[in-house]
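One chain, subunit A, links the two complexes that follow: it is found with subunit B in the first and with subunit C in the second.
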Partner chain A sequence: MAETQEFSIGQMVRVKRLWPTDHHRVPFYLKGKIGQVATCLGPVENPELTAYFKKSSDQHILYRVRFTHAHLWGGSQTDEIYADLAGKWLCEPEG
Partner chain B sequence: MTDDKQAKSHTHDGTRGAHDLGGFLNHLLAHDIDARISREEMPKTPYEERADAMLLLLSNAGKGLLNIHAMRRASEQFTHEDYLKLSYYDRWLKAMAALCIETGVFSDQEWQAKQQQVLSQNKAGQQRKSD
Partner chain C sequence: MADHHDHTHAHTHTHATDPDLDGHTLLEGEVWEAALRELLLEKGVITTPELNDQMNRTASQSAAVGASIIARAWKDQKFKKALLANPKVTIADLGHDVSTMPDLVIVENRVDVHNVVVCTLCSCYPRYMLGPPPEWYRSAAYRARVVRDPREVLIEFGLNISAETTIRVYDSTADLRYMVMPLCPPGAEDMPVTHLQTIITRDSMIGVGLPKLP
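== the complex of A and B ==
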């Protein structure tokens, strides 16, 4: 079962504050940070299962999220970085 | 780097893998890791090309023995010390061996025995050279 798209373009999202020791594709420096959904890249295979050779039809919906350097590292307000993150790793900014 | 204080406090708390160093310069410096980015093209050594070829063969879609996510996961399971001291292709080789053992391509005993065999062959070769 593929996840369905749950975030819209332009929406502000927070990266979940989770620290599993299992393989996952979210860098430490983004956890808990707030960004804006730039685009939805659609479904991809779930690396959290593939990494353990687990066969599953489970797929992740991947979003490209924009963060400002200012927010991440106190740098420039105009510089930005983009990260491709699975929907299951995103939540409402208050979340 | 305003998060350097945070980086220090997170260095050994188990939430941050040795692979997950983005944005934390002090962590690299604390481990005596050269954080400079070399702009020079590095020559590829024969063993690196063989490591690359092995990974391609093992990742072959038809056989499906390895995949890139499992490769990353295997590297993330190294000790911090191993992860940080190994070169890029040494990490690949160590991860490939770990996954081959995990998936039953060869056993840990076979792997250990082969390493011993190669080591003693090299030793014998060096002995002949010096004679």
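== the complex of A and C ==
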């Protein structure tokens, strides 16, 4: 099993600034940004492997993370963006 | 260099044509599709019956499926609750074969929250519920702009969302598919399900439109 970073609902998290060349399902506009864990969606297989039909016991927790439009773009104070991100792509906000 | 196939002869031979193509020249994409399909069949990766089954499944998918399910939810609170809590199981209970459907999330619009769906990384779309995606949904312009400037994009779709309403954009970055449960328009509550399902448009279930009263 790979290390599984776990976060709790309501916790603030930062999207890691990673630039891997493989199947990294994190949109560029979210890299380095801070959001709040809205929901825990349970374990998923490592998408970086399953994308290439590789089986592994490498499980990661998937989180739905809420970002404010104001934080991402400096715009509307009311609008929000939700994205589903694996725990391996997230870290503590100061990390 | 290999010299066994210098292609310098006059190019006068005719290419094989399919009688059903009415003699039109194949587009590049069609050549790729035929090459890939024939290779997959020849190598036994897929079989012809599997291919036909999938084509039938794809052809039978349309936004009418999603509309009928949303209309039912508007009329039946117990069903709606179950649908929002556990979409796939609830849809299967209606007799739908959801075995090939990816996990689904249905997000409900509220007076103070308007939901919109996008897939910025590729073009994930709840095909089972809504059929094949419209071209604009897959366009770079929609995918880039709806996360950056959702209000402006919605205005271009003819939807002016009040400043007090939160626009919540769902970027389907993982293996979950998202669709919107629009609000039942005032005055439509008493319509029968069969009528309601005709006013629930595809766009209203993506979040770029509202149900249309006749």
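The rule is simple: the second predicted complex is superposed on the first by the 90 of 95 C-alpha atoms of A that agree within 3 Å, B and C clash if a C-alpha of one lies under 4 Å from a C-alpha of the other, contacts with A are read in each partner's own complex, and residues count from 1 in each chain.
Following the convention adopted for this analysis, contacts are C-beta pairs under 8 Å (C-beta built on N, C-alpha and C of every residue); 3 or more make two chains touch, one makes a residue touch a chain.
Computed from a prediction, not measured in an experiment: that's the story for all the values here.
Colleague: Give one of first, second, both or neither to describe whether A:T21 is in contact with subunit B, with subunit C, with both, or with none.
Modeller: first
Colleague: Between subunit B (first) and subunit C (second), which, if any, makes contact with A:G74: first, second, both or neither?
Modeller: After superposing on A, A:G74 lies in contact with subunit B but is clear of subunit C.
Colleague: Just checking: does A:A86 make contact with subunit B only, subunit C only, both, or neither of them? Give me first, second, both or neither.
Modeller: Once the two structures are laid over each other on A, A:A86 reaches subunit C alone.
Colleague: In the superposed arrangement, does A:S57 touch subunit B (first), subunit C (second), both or neither?
Modeller: Touch status of A:S57: no partner.
Colleague: Counting only touches as set out at the top, which of subunit B and subunit C does A:V44 meet: first, second, both, neither?
Modeller: A:V44 sits against subunit C, while subunit B stays out of touch.
Colleague: Looking at the overlay, does A:S8 come into contact with subunit B only (first), subunit C only (second), both, or neither?
Modeller: Neither partner.
Colleague: By residue count, is subunit A touched more by subunit B or by subunit C?
Modeller: Higher number of touched subunit A residues: C.
Colleague: Which residues form the common part of the subunit A surface touched by subunit B and by subunit C?
Modeller: 27, 29, 47, 72-73
Colleague: Any idea which subunit A residues touch subunit C in the complex?
Modeller: Touch residues, subunit A against subunit C: 25-27, 29, 41, 44, 47, 62, 69, 72-73, 75-76, 78-86.
Colleague: What residues of subunit C sit close enough to touch subunit A in their complex?
Modeller: Touching subunit A: residues 120-121, 147-151, 163-176 of subunit C.
Colleague: Which residues of subunit B touch subunit A in the complex?
Modeller: 1-3, 10, 14-17, 20, 22-24, 67, 69-70, 72-73, 76, 103
Colleague: Can you name the residues of subunit A that touch subunit B in the complex?
Modeller: Per the touch definition, subunit A meets subunit B at residues 19, 21-23, 27-29, 47, 50-53, 72-74.
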